[in-house]
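Next, two complexes with subunit A in common: one pairs it with subunit B, the other with subunit C.
Let's look at the complex of A and B:
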């Protein structure tokens, strides 16, 4: 059963470890950015990929994984999900940038383990879409069994969640019978504008104070303005210390948001879901805004009614950085299937399709220096599949993070079998004892 | 008229006596507890010991050859008994009434507002446990039965739950019980239901903002007081005034932590704002020993072994959940002890009937008995800053002590007598070997009561589990709860918690029961009444 393996892996990994040493031999290496090696090895020392090539000599005592006939790809990165958190939305108020996902991590969420079983090594777990301005998100590595602090990826960009459209305008405080402003798209836009203006005022107040304080003759009784955590977060956005990740569906609201970002001077890294992205590729490409989407889901809401399965491929071909996401703990197990659909709907090549779940989300999250492809110098985050990852028949057999094996399907199945056997024996003993 | 000198002298003496007598409460009795084994905590155990209690304090103690028994002392023979300091339970909800559930609004739509509404969470911060407690005899007995003589009563609901009070359980009058009020501010990692913050992430942000605002408020006020002219005067904020006592003046703040992540959150806040912080609850403390050691935050560990909802051990299978409840979480305090971490033990989250059982489970899991004892005596006394008057048996300390029939927390050990503030309370033992009664009194009864108030008819409903009886009685004045019932053979006793014209009263019943009839006496302060009840057969209902 899951529990035994889960417990034993918890025990095994409860000691803090820097990256491990590992040699993966004889696999079909899909580097994603630097081509394919039909039969090759990957050497990881101290959690970092040191060598990729054919017939790498094994350093003494190193753990060896035989990947003969298997596909070795970079660990999959899910750029938009909500796992490993206690709670998703602070929906009592529409503007809550002061809340941080970092404060509510749950390292014991079993979704982390099931993510590993789908080849996922890193996730961007986010505030929900109930609020026009939500909270600060966080990027985690799926280091099942480790503490929550050890999972945090500090290299990632700081991101702030925004949401437009039906979700924020319909959100109530969980059925309490209270209608919350805003209740329309114009309200969503207006409230974001209002808060950003407040943030600008806040920044100006502080600038005035600091200038006065540092001046040669600071005025008597100089008092600082009140520190407001909500405004501080928006100020960080306006200063460029955070980027916006904006949940949107329709082309019109997305373009309005782009104008808003240009007016106030903050960076939009990605639009989330945006089924109508294909309508505004010129504008998105001009601003360097990426998208993080589903592949073949649409019409599940009125605002998704004009979505198409070709969204990912078409936008890729128009020069937009596209990633695929799970938005939860279920789809996270089969992101590779979704990537394969981009070949069917729009004719992306194998590498282009794989990029949708590897290097593309890495760039969007600002972690492309350390992950997203198999290159020397990057961290040893790897997934091993029994068939080509884009095949309908494939299955993730092993998931490795920084040289540590966090998921091993064969091992897991063996232990499950042993647990079942033991359970049956225990039951027989009990019955025998009773007689 | 010449007043005789002797008359003057006598009146002078009387005046002095009157003044001194009225300036202190009634003088307490003097006891000599003779021939017990004394475990003082502050020193090695004393065989054949004698303890002298006078007017609420321990006057002296030691081996019987060394201690003089004063003539006015009431001698209590304590042969083969053990004397321990009264136990201190540093996180309870004793005497607090369970919070009434808020009636759900039937879908009423409130006015939409472009600006957020005034906060609910701020109102609780001044909530005083002392104001809220309603001492009940049965609660007192339940705690004294376990040997607990001092409790910290902690308000339970809300993010800022309120302020606690330290009580010596010496009777049922609030005022005479208070040792210290208030003691600490209590914070829960919970959420509001109808307003911000409705999520845990919101609560953390709120706590940080509150503490920042308190620092800002306090520094503005002090700057203003230094030179008021030319500055706008500070706005008065009752919430921040209260918080200032804890955040600025560093009075204690207790953080209630349900799992290891809560402990991390609490330590983060304590370190960021340099608070005088305490961590309570903490039944996952064994998972973060390094953090606790580094943070040096006083730890109050609950004896409630229910794993938190986040725990990896409970969402896999029923078996693992059971193992977690029976083996893993009960070993919390034993593991902390092995790590060399100091802690107090509390009953937080438990019913009083579960406390002793859980202490015994913790000991079985590896916590040495002496450590369990220290965790409920001297360590909580130190945490509360009352270690010079409580927590051990030493001359001059308050006479809070318990006499037990065996070693503390032993399976067969019973608490025989309890002293609180030097007042003696004998513990009623449940009848030995109470056999499960063959008689079943469960069901509905028509009761006729004749007493000073005349004749009354009421319906009584009884439930029976083994020998224990509970139920309720429906009267013209409302439905009252029946509790603490015991059926031994044909003898039936129970207590009715009545509310008559707004006043709460406890009425004790004692009588005999047959298959279809009950007869007996109801006693209450001010009189008694006869009760006769006949069973209402099921068909008639």
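Let's look at the complex of A and C:
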């Protein structure tokens, strides 16, 4: 039955897949970065937004979506989740930067559909927080029904997961057999320093080798250093080819990590979760480090016990780039609700609140040139809501990626009705058979 | 110098009188000019609510404000009854990963003797957060085992458990055996489930005969008393229909079994969770059993049910005529109670019905609608003044009166923010 439904849903997409050209008519257009158009159109050609404005003439033969009275916003971007993956943590060892989420993508994870149903078009799906140095994360578009290869956003920054505090020190793991080093915040910091020092050494070994090789009189018996995939990844980080995304909760541990980044010269793009960011806004703003947080999920462990709901708004007001994340497959469909809470707790404006789930995560992922707002030249990733997306009563009715409709509530309702009808008929047949 | 001392003294007295004002309410408070949404009855534009001795003395448009009343100008605001969280861990859970701070669950399978209110922590950091969002009462409930214990009703104000408790015991919680795989719970074989249901039936049967023996012994003092049996003792109010039973159950088949169980055993039942209720809406309606929904921050257990099954469930049951209430099923996010109701409204539930699901309906379900759940004369003055719809995410709550007391609306949220604002 499950398979039947999945297949039927997949099949349905080919029916309501409009191709790459699309005209959305008469919606309330919330561009997020360029103001609001009370009654406007968005024209997408070849998956790219070509025009936004009033009364755009429809090119011949183009698919038209009537959005009268509905709210048209940029597709929501989730800066931190773990969906569409077969595995999350390689927790057998504390240091695993060689692990890549790219290798464990699961295009059939129904969470992709769940994400779409909440207007989410793009996610940063990450290695877990079991290790001080985890794996390389990946940015995907929620192209449900496509292959994992087709979902990858190649324009995004390469990011490496780090983790501090209770999770890497295994504070909440009950009944572990042998304890794994590290078991304290001291150890977490020390092990990260150790690995980065090794990486520096490794880079130097290669530099010397290459220098020697290129010299006029290379020494005899010159052998290259041993290639080490783990060190290669860290070298990429130290060379600036990758940025760090660091799971942290406490203010103090986060500052220690900032010190490490300075010591070794790598870029921290973002602290993940960091409920105590409001305690160190000056430092974070000065370093240009963003934060990707929950709006108000808190008190599930000690390091989350001061996670106040003002964090998002207050940090925004202090000049920090803030995004709201789901961390999973459920909250992902109500990130717009979380954004609205930042108006209540801290008084953000509508645009500022929407930015938390659109342009801000886009900047954090390095994809703001292609996504995160409704602007001409960006990709046509769009969510349409029946009411204002910041209202508690709102509902996502359609989600579009590059001009293709990937979620359509009307279509879903139609399918469900047909399925229920079929179910009833089957039951009647069964009853009839018994007689 | 003396001048400065005087100023300090003045400030001190002011602070003192302010804090006393928080504690001791004036004799009569008049809330004037708010749009009143009494929930029961018509809305009143720019009405007046009089509070006297902790109760609503009068409510309406043409109400005379006594000269000695403290008047709260509320023009532009909206007055709602305080919200009731129908399944809550407020005061029972602080930091969920830390066992030392979690008192919501006992070991063992049959624990009718335990009472949630006896573990209540009045200065839990979660209570002021929930209260500041307009929640004034909560059904706090034990979980775990088959019979988890007694749920109590608390008001979200007070310094001691006694000051907070409205009713020690409003329901017995039974976590119904499940044949369905459900949210992390492993599926168990049908026989195991039937066995457990039989065990429950057997226990209730024993409780009935225990009660009978006790009654007979009470009438005839020459007869020997039965041995004291803790489990059976606390099941007596359940089997004689005094104490309602909250039956946690999710899947359609289990719901049907639970309804039959409640009917056979003549229990005053309330169903909790009921995520697949929409599949058996008629059966629930016909049973007359009310429903408390769990958190809507959840995924349907079966893909076939459709992505929005959890969200549309309340609307379907409401349409079928089932009496319902919403719950946070949480401590740290008890404040989100109104948003569960709003989410259901986004997926088919009438908005006014959604509001009733956090006010008058829970009061009726738990048998306290004489004292709370609406803004009506004679009820306890649990009143929320808000600058908008209380189910809306953006709405700010301006006052929360609990039994006439204008409660403090700051929490650890504001305390921590203010503390660290001082850094710069």
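The rule is simple: the second predicted complex is superposed on the first by the 407 of 435 C-alpha atoms of A that agree within 3 Å, B and C clash if a C-alpha of one lies under 4 Å from a C-alpha of the other, contacts with A are read in each partner's own complex, and residues count from 1 in each chain.
Keep this in mind: a residue touches a chain if its C-beta (ideal position, glycine included) is under 8 Å from a C-beta of that chain, and two chains touch if they have at least 3 such contacts.
Worth saying up front: this structure is predicted, and the values here are computed from it rather than measured.
Steric overlap between subunit B and subunit C is absent once the structures are superposed on subunit A; the two fit side by side. Once the two complexes are overlaid on the shared chain, A:110 sits against subunit B and subunit C alike. Here the vertex is the CA centre of subunit A, and the angle it makes with the centres of subunit B and subunit C is 100 degrees, a multiple of 10. By the touch criterion defined above, A:87 lies against subunit B but remains apart from subunit C after alignment on the C-alpha atoms of chain A.
By the document's definition of touching, of the two partners only subunit B reaches A:135; subunit C does not.
When the two structures are aligned on the shared chain, A:412 is found in touch with subunit C, with no touch to subunit B. Put simply, the nearest alpha carbons of subunit B and subunit C end up 5 Å apart when the two models share chain A.
In the superposition on chain A, the residues of subunit A contacted by subunit B and by subunit C overlap at 1-2, 6, 110.
For subunit A in complex with subunit C, the residues that touch the partner chain are 1-2, 5-6, 110, 113-114, 117, 172, 278-279, 281-282, 296-302, 304-306, 308-310, 314, 329-331, 333-334, 337, 340-341, 343-345, 387, 390-395, 412, 416, 419. Remark: subunit C residues 94-98, 125-126, 297-299, 302-304, 306-308, 331-333, 335-336, 338-339, 342-343, 345-347, 351, 391-396, 412-414, 416-417, 420, 423-424 touch subunit A in the complex. Those residues of subunit B that touch subunit A in the shared complex are 105, 107-110, 112-114, 116, 192-202, 204-205, 208-209, 212-213, 216, 220, 223, 227, 230-231, 261, 264-265, 310-312, 315-317, 320.
Subunit A contributes residues 1-3, 6-7, 10, 86-93, 96, 98-101, 103-108, 110, 127, 135, 148-149, 173-174, 176-181, 183, 220-221, 223-224, 226-230 to its touches with subunit B in the complex.
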